[in-house]
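What follows is chain A paired twice: with chain B in the first complex and chain C in the second.
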Partner chain A sequence: MTMKLRRRAFIACCLLPGLVLFGLFKVYPTVQVFEKSFFQWTGIGDAPRYIGFKNYADLFRDDVFLLSLRNTGFLMLVVPVATLLVALVNASVLTRAKLKERALYRTVFFFPSVLSFVVIAILWSFIYHPTIGFLNAGLERIGLGQLAMAWLGDQRTVLWALAVTMVWQAAGYYMVMYMAGIDGIPPDLYEAASIDGATGFRQFMHITVPMLWEIIRITIVFSINGVLTISFIIVSVMTAGGPDRHSEVVMTYLYGQAFTNSNFGYAMAIGVFVFVVSLLLALLSNRLTERGES
Partner chain B sequence: MVSGSTGSAKGRLPAALGRNALRVLMLAQTLIVVYPLLWNVLASFKTNAEVMESPWSLPSSLNWSNYADAFRTARIGDYLLNSALVVLLSLLLLLAAAVPTAYVLGRMRFAGRKLLANVYMAGLFIGGVYVIVPLFILMNDLHMLDNRFWLSAVYATGSLPFSVYLLTGFMKAIPADYEEAAMIDGCGYTGTLTRIILPMTRPALLTLVIFGFFDFWNEYVLALTLITSDEKKTIPIGLANLMQIQQFATDWGALFAGLVIVLVPTVVLYALLQKRLTEGMMLGGVKG
Partner chain C sequence: MDYRKTIAAIAAPVMAFGLLAGCGSNGGSGNEASRAADGGSGGGSPASAANSPGAGGAEFANKELNVAVFQGGYGREYWDTVAENFMKEYPGTKINITASPKIAELVRPKIVAGNPPDLMYIAGSDNTPILDGLIKDKALLDLTDVFGAATADGSQPLKDKILPGVLESRSMSPYGDGKIYLAPFNFGVMGLWYNKNLFDTKGIAPPKTWDELFALNDKAKENGRALFTYQGIYPGYLEEMIVPSIFSVGGQQALDQFYNYDSQFWKSDTFRQVWGLLEKIANEDNMLMKGTVALNHTQSQTAFMQGKAMFIPNGTWFEDEMKDAPREDGFQFGFLGVPAFKEGDPVKVMTNVEQIVIPAKAKNPELAKAFLKYLYTDESIKLNAEKSKAVMAVKGAPDLAKPYISETTYNVYKAVDSGMEAVSGSFKPVAKGSKYNPSDEVYKPISSIMNKQMSLDEYAAKLFTIYTDIDNELKQAQ
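Moving on to the complex of A and B:
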């Protein structure tokens, strides 16, 4: 065998396992989801029938889909903002305030990020549980018993309750990212600011946030995408979309259409729609957070 | 918000005050993170009557029967074994596919290399749930459903784009001299990869394994869809099912015990790997 041939054979052998897996489980389903979203396809045994854009047109007449879209939009707005804000404040406190026990806080705050989403969802179901949950019990203990309610069973509170759970899960993860970013900011910037008498809050606004801006931009996109994935698990375990669909999110709706109603074509149209929207959101957030100067 | 360094004597008192205010804020958050977990551990030792009575009370005695139930009737042990098997298989498949791919993409020149790197890159943006329907249909057609090996293959594929991306960067950074020397010494291509390059990428490999472990161990959506028979289910699915069953029976004991059984290895691993984990996150290239 010539040298050249051996080299080629080696390259091919190295690429093959990855290509097989990637082609089969990633590329092919991705191509399929776009193609079959134009088909009516109800059930495994059924032959797909081409119907053009009908699935997409139906989306906008489907009240439950529109409600799930609104719920998802709510979570995509509230959860990233709250998560990143908490993460940023905690990161800057832990790096700048020189508390002796800061390593402990860092360890504790990051811990939810390694927990299984299912475990988190179950735990929080019990926090909110109307009879045995300790949120209601706690409110009663401090004399605010009249505020106690079925947090997950009331359509006014259910989305907020889910949002809190999602912030609890993710804040520590982004905090660690920001901490690493803050470590990279030259300390003399802070020193100079302190000598000039700038308060901690002003340093946060005028040094930490601008210096971390590029990282913040990336984490916004990460976090918006995270909501899409995590909301599926949180909702399916904690509320199953209830009460009366008021916590239905697009991913749970997609899943139900596919695996409960066997509307494969329609479910794929939802998938494509959400994929395109999330891509647009990422681009939009990138554009909005672009810095004017330079 | 953040108290600066204490420059002058008169700044010292407010600074100390501010520091303690921040400390209170941090302690409150610590409580919010830790308390649900602590409550869970306590509840796992309570009888059902005690659980219903008050969420604040301590269990009257260490009631291990919940744990016995978790293993006996709720089959937590089986689910744990399934999860362990799936995690192990997924990691093996992931490394077997990612390492050679990254080596070739990072260190060899050939036609189509750039294109291939970009294709893997694009894979970073296509998450699991979007394509779950066609994936399910494909695997149904190929008789791959309800099979722990193929579930692992899907997991490995999911992590492949990021792993290739991370490892390729690592491989590129290794100076070419090492390879040339190995080639002159008579190492073939495979020998160079396994004996020279692999040991040098150990930190990146370790990062991948740690992240892979947590990702695969916790995965829910794919396992829910691709595994149908109860004896093959992984632990997240097992727990979610258990929750559904116990909700109707209002008998929570085994569920709380099951949660603790899953928490314990997570806490232990986390304690061991915490530093690597947070460092590894930055290795992933989120550096602005």
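Moving on to the complex of A and C:
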């Protein structure tokens, strides 16, 4: 009995520092976010004033917020789908095709994941540079000069341009995860399939994808949430939300309201809203991708 | 509105550290405080205190002063030196200087905790929003008496020493009640710039009116460049030509309408004429440099210096900011100012004055005021010019600074003294809790005008609604 008690006490002691840190730096700030979202507060001076749900009500009358929400939604839809598709195809090709340069490609594709987001953003803002940029210069070189445009300066292309950057940044990371997963698939499945005459594409659809399904589900959630955080840095550096807010995302708007507009309570309401939306999205994607228990 | 903008991108991750650093330095200055207090009571001999000149000899109950300063292009050396000089002059006092490029994030937690620094010099567009917050909160100390009182080194009231109009401006008297809450510090001059070498060698005269400027489009074409570019993704830089132009066309009255959210401004002829310039630049061939809207400040400024465009708006910091940038052969900075609309009208420039504040909750406001006054002594102005290469918003400051600043910069400052008309202003603070950031609302949609995706009518209608909203919010708040 005493032995059991001492054991428990020991475990509790070991857990305590972690729990305290977690509570102090994770739970407490999160609770604060929720609490402060009910106040009108500049984030610096005087006592916050309780205003109930007004911040939330204002969200839906704020055109800029709605636009930024739409932009974020676009990125959340396009970027994960494209990223995971590219990653999956690359992973499958690299593992199944038995390429000699496999290790090299893996390193090259993974490279963007070890670069800082700011570096990536600066790099791509030069790739998209309207006059000296790699993209427009390249188009002109191959005789498609009439297609060259200010990619980041036009409201019709800016989100796509940002999406490409974000896909480029993340695809390699997920590719490595998928490659590890594919390596875990028993090779006899593929052997049997090829004896039965299945093409590479059918093998991909009927062996690789189903066997990786659990990993894919997790990466969908990761990727959706990744868009939220990465978009802040990418947008701040590359476009500052421009032109005319057509690339403003919720995180940059939140930051602007909190720190340049001194509207801390309102910013927290945006934070809570984003929190709820991303939670719902994660649940939804989890539910949608769930397979019936066999 | 300056070049330190991109830093915002890196701000978020740094913020966490900022908070930690804030706590750290707080503890540090606390320790220094106790040490200083000990030293002050033990070592400060009454004789030396009595001997100090001018307003010296004044005894301060609390001899410790915590000062937070922005450490940007101007550095922190001035502050360290001026604090030392002050401590010599007022023996027993102890000044702690905290300097950082992200000073707002360092002081924010202290302000929230009700323990703000005694005096703050806040500049740089990453930091100045905190001043807007403090203004909205009415959390600044009234400094009117500082400027009414005699200078630290003479008998005239301090306000006579400051450049005319500055103290009355909204940047210093934000509530329009004649009370000064922010003290002026360095001042910058903004307008259009050109390549002086090109103009001299090709015999082009710098344009004095917008018509003359637009007529140079042919010359621009001949020399293989566009007429105009600006800091694309930060259209706020266009303020530097828009604001003086509003003043040019409609005078102070129109500028007041613009800054005080009179929605009728957007139906006025002034609006048509001034924004008409932008529309013309957007629509006529070769006027706007290709791709401008997508460029950041560094990219567009580099393009300008490489001879891709004839004119660009920017401020006195331009030369220093771009000192390492590539440029076309023989490039020389030339300051044009903002052309007039009518022949014979003076060329305008926009001026901007940095701010120093004392928080209302400062622990030691008396000493803070004494230190603030000390900053305006000739000795300090010279020191600032020497150490920071900056010019304070004080009469005659450019000449005091002349030995230390570059010729281009000196000429820009002198131009304001000799004929160019200075215009300044800032938006009235919006109601607390308002979602609008007036400067963003006004300048950001200009990207769409430049892209020819928004007409002036649509723009005016949009701004009309926004101004009506902001005005209503202000009325409700009263």
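FYI, the second predicted complex is superposed on the first by the 271 of 294 C-alpha atoms of A that agree within 3 Å, B and C clash if a C-alpha of one lies under 4 Å from a C-alpha of the other, contacts with A are read in each partner's own complex, and residues count from 1 in each chain.
Methods note: a contact is a pair of C-beta atoms (placed from the backbone, for glycine too) under 8 Å apart; a residue touches a chain by one contact, two chains touch by 3 or more.
This structure is a prediction, so every number in the text was calculated from the model and none was measured.
A.B. asks: Consider chain A as the common anchor and indicate whether chain B and chain C clash or fit when overlaid.
C.D. replies: Because the two structures are overlaid on the shared chain, the partners are seen to clash.
A.B. asks: Of the two partners chain B and chain C, which one touches more residues belonging to chain A?
C.D. replies: Counting contacted residues of chain A, the larger count belongs to B.
A.B. asks: So, does A:44 touch the first partner chain B, the second partner chain C, both, or neither?
C.D. replies: both
A.B. asks: Once chain A of both complexes is superposed, is A:99 in touch with chain B (first), chain C (second), both, or neither?
C.D. replies: It touches chain B, and chain C stays clear.
A.B. asks: For A:142, decide between first (touching chain B), second (touching chain C), both and neither.
C.D. replies: neither
A.B. asks: Which partner does A:176 contact after superposing on A: first (chain B), second (chain C), both, neither?
C.D. replies: First partner only.
A.B. asks: Have a look at where A:90 lands relative to chain B and chain C in the superposition and call it first, second, both or neither.
C.D. replies: first
A.B. asks: Regarding the shared-chain residue A:259, is it in contact with chain B (first), chain C (second), both, or neither?
C.D. replies: Both chain B and chain C are touched by A:259.
A.B. asks: A:5 contacts which: chain B (first), chain C (second), both, neither?
C.D. replies: After superposing on A, A:5 lies clear of both chain B and chain C.
A.B. asks: Regarding the shared-chain residue A:193, is it in contact with chain B (first), chain C (second), both, or neither?
C.D. replies: The answer is first: A:193 touches chain B but not chain C.
A.B. asks: Could you look at A:288 and tell me whether it touches chain B, chain C, both or neither (first, second, both, neither)?
C.D. replies: Neither partner.
A.B. asks: Pick the chain C stretch that clashes with chain B in the superposition, from 94-102, 274-282 or 364-372.
C.D. replies: 94-102
A.B. asks: By the touch definition above, which chain A residues appear in both interfaces, chain B in one complex and chain C in the other?
C.D. replies: Comparing the two interfaces on chain A, one with chain B and one with chain C, the shared residues are 44, 118, 121, 125, 131, 232-233, 236-237, 255, 259.
A.B. asks: Spell out the residues on chain A that touch chain C in their complex, using ranges where they run on.
C.D. replies: Result: residues 40, 42-46, 51, 58, 62, 64-65, 118, 121, 125, 128-131, 150-155, 232-233, 236-245, 255-257, 259-263, 265-266 of chain A touch chain C.
A.B. asks: Any idea which chain A residues touch chain B in the complex?
C.D. replies: Going by the criterion above, the answer is residues 6-8, 10-11, 13-15, 17-19, 21-22, 24-30, 32-33, 36, 44, 89-90, 92-94, 96-99, 104-112, 114-119, 121-127, 131-134, 137, 141, 168, 172-173, 176-177, 180-181, 184, 190-191, 193-195, 198-201, 203-204, 212-215, 218-219, 225, 228-229, 232-233, 236-237, 251, 254-255, 258-259, 264, 267-268, 271-272, 274-275, 279.
A.B. asks: Which stretch or stretches of chain B touch chain A in the complex?
C.D. replies: Result: residues 1-5, 7, 18-19, 22-23, 25-26, 29-30, 32-37, 39-40, 43, 51-52, 54-56, 93, 96-98, 100-101, 103-104, 108, 110, 116, 119-120, 123, 125-138, 140, 153-154, 156-158, 160-161, 164, 188-190, 193, 214, 217-218, 220-221, 225, 235-237, 239-240, 243, 252, 255, 259, 262-263, 266-267, 269-270, 274, 277-278, 281-282, 286-288 of chain B touch chain A.
A.B. asks: For a test of understanding, state which residues of chain C touch chain A in their complex under the given definition.
C.D. replies: It comes out as residues 5-6, 8-12, 108, 111-112, 129-130, 132-134, 136-137, 139, 232-235, 290-296, 299, 303, 308, 432-437, 440, 444-448, 450-451, 453-454.
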